[in-house]
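Labels run A, B, C and D following the written order; every chain starts at residue 1.
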């Protein structure tokens, strides 16, 4: 792009800037356009789970429902409450969306389609995510409403708490790939990290779910408890912006999970030069698969209480992620993959050559580490679930509940 | 430094701020404006507002933010260390384990003191 | 490239703004914010000197290695800033609870 | 468009952020607004770190300062709010404070200008070295290297633990 402009007689610096602006607009719009689709998807999915049809009147399969909603929102009256801090009040919804969209800047969709492959990419998206937290604080404070402020505070206490296990588990792929650049992390995944460090992947996913405020952690918008929370005074398009931010964020966490733990654009030969579009589709397919999981969780699990949510974080997730980090730290070091040696072994033929020709030499290089870490992770996972199980039993005993059998699928089926 | 990449990030942040402002601005042009005293009151389920919005908060919020801050600072050391991980020897590993361990002790202390309870 | 002096002057100005806040504000939280500004000015200086005056690169087995004194110092300043603000605000909250004030000069008794 | 001009423009933008935010912080009566101005100022400092080829510190600046320290400050403001009406923001010696700060700045600025002018300036206008390697990796090595900063590193962790324990003891209610 920039080269083309330069070749047609533009100043090099100016061309660079123009190309960047265009790229930024395209990438950011992609995020916004995606919401329109994802809202439709989400409503259809919720409908199916709850044995309804979902939107089906406007357009084929109700596809235009979201456009109708946008049209309605545009002509809604926008009420600014008395005593609100006007500038901050107006700025908060913009910041909420901007903080989430900005994450798209570092997401690699294939080995060339990436906004900016920063060498601190992982930290960048955590840092930018904290701007969205700030937006909640601004909204809650500027509304001049007790409930808004209260809602904002408990939301922030929750978001901030779940950031800790998120970052601790994030350190694991960084450590395995030896880089914070998103692109390098994808390239390091000849074996997707979910098969190497599933515990980290699970912690990351759970804490990201809490960051978004999706069920079962949707206390940020607990309608039945604090009449909606920080965005209570917002109406019309500004309220819609908070909503949009949530939808983009829900999708962004799926993309991030896909990239950091599911191998990003790699797999089935995707991402090789010449298959750029396939790589992009790969990322989207993986993301949508994770998104289906998020939607399923949202539509089937009840909301948990805030004290349980905090206790789960600080007394289970954080200690677990600390232990997980220590285990990975000591087990991974002797098995740092030696790509050059693996390539040589594959070239030499024999058994390694056979496997190498099927899976690629990177796979051979990462295999020992993956096996060791996977075994350790399975043990850790078993121990953690056993711990939770014991805890649940003691709590039930404390409450005097004796003969409660866990509800099993077979019991449901026999009814 | 890759100056162009950071230039892109800067431009992207500006674009990300402008994009959501557009629909809000459009709505500002299109929507009806009939303000009234009742409408602009703080919404408290129909009950008249008493006092101002500044309620007294529990110290618990502060304690959560405090523990978070300490762990956040840990990331400052953890991430460069993780990037350099493949070149480090056993000594560096033990040092970082000690660092994480000390913070783990701090977490256990906070737990014991009840700083992590939601009251 | 920008001259080093430009960064240093901005840092000096920020430092003095922070100093004014520490000297003149009554509210203890505002004073702490002033201290944060001063620490940030220090950090700008550390990183600027690191960028401009790092004495060359040393060739090691792993390739070129840049001296890391400035950035490391800045990292430790972060730690100090965090510890300072955590304890400082805890003190403010404690004083507020016992004395019902957050005005720095009202807290002038050595014991209560 | 010259690259020089572009750099100065970006530098100027961040300077406006830093200085404007700083002045806003010290002059706002409303403490919440002070904290917001502080965010702007800190964001400008993060921009400076990017200009100075330390992007890791810039990310940490946003993460730690804006994401944690300012939120901590705002929580503290909320906790200590009840008795702070719109009384005077500054104390009786604010004029001395202002003069002192201005004199300090004057002295530093004079020193800097003198040091960077003349035939053999003390302060270089060009970086001595280009950043070629991965400075982030070097930082990671430096922090846990026995010959470099491992002792401050461990002391820092102890300091953090002490700060956390101390703050919890001080701030807890039922004592």
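The working rule: a contact is a pair of C-beta atoms (placed from the backbone, for glycine too) under 8 Å apart; a residue touches a chain by one contact, two chains touch by 3 or more.
A quick note: this is a predicted structure, and the numbers were derived from the prediction, not measured.
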Selected interface, A-B versus A-D, where C-beta contact pairs are more numerous: A-B
Innermost chain by mean C-alpha position: B
Rounded Å distance between chain A and chain C, as computed from the means of their C-alpha atoms: 34
Centre-of-Cα separation between chain B and chain A, whole angstrom: 16
Euclidean distance of C-alpha centroids - chain B vs chain C, Å: 21
Shared interface positions of chain B, touching two or more other chains: 6, 54, 57, 59, 61-62, 65-70, 72-73, 75-77, 79, 82-85, 87-88, 96, 103
Sequence positions of chain D contacting 2 or more other chains: 53, 55-56, 60, 63-64, 67-69, 71-72, 75-76, 78-79, 82, 131, 134, 136, 138-139, 141, 143, 156, 160, 163-164, 167-168, 171, 173
Multi-partner residues of chain C (each touching 2 or more other chains): 75, 78-79, 82, 85-86, 89-90, 93
Contact pairs between chains, per stated definition: A-B, A-D, B-C, B-D, C-D
Complex interface listing, chain A residues touching chain B: 16-17, 20-21, 23-25, 27-29, 32, 70, 73-83, 90, 93-99, 101-102, 104-105, 115-119, 122-124, 143-150, 153-154, 156-157, 160-161, 163-164, 167-168, 171, 174-175, 178-180, 227, 232-233, 236-238, 240-241, 244, 306-307, 310-311, 314-315, 318-319, 322, 325-326, 329-330, 332-333, 336
Residue numbers on chain D that touch chain A, as the complex places them: 1-3, 6, 32, 36, 39, 55-56, 58-60, 62-63, 66-68, 70-71, 74-75, 78, 134, 136
Chain A-facing residues of chain B, complex: 2, 4-9, 11-17, 19-21, 23-24, 26-28, 30-35, 39-45, 49, 52-55, 57, 60-61, 64-65, 67-68, 71-72, 75, 78-79, 82-86, 88, 90, 93, 96-97, 100-101, 103-104, 107, 111, 116-118
Touching residues on chain B, where the partner in the complex is chain D: 1, 6, 10, 54, 56-57, 59, 61-63, 65-70, 72-77, 79-85, 87-88, 91-92, 95-96, 98-99, 102-103, 105-106, 109-110, 113-115
In the complex, chain B residues that touch chain C: 59, 62, 66, 69-70, 72-73, 76-77, 87
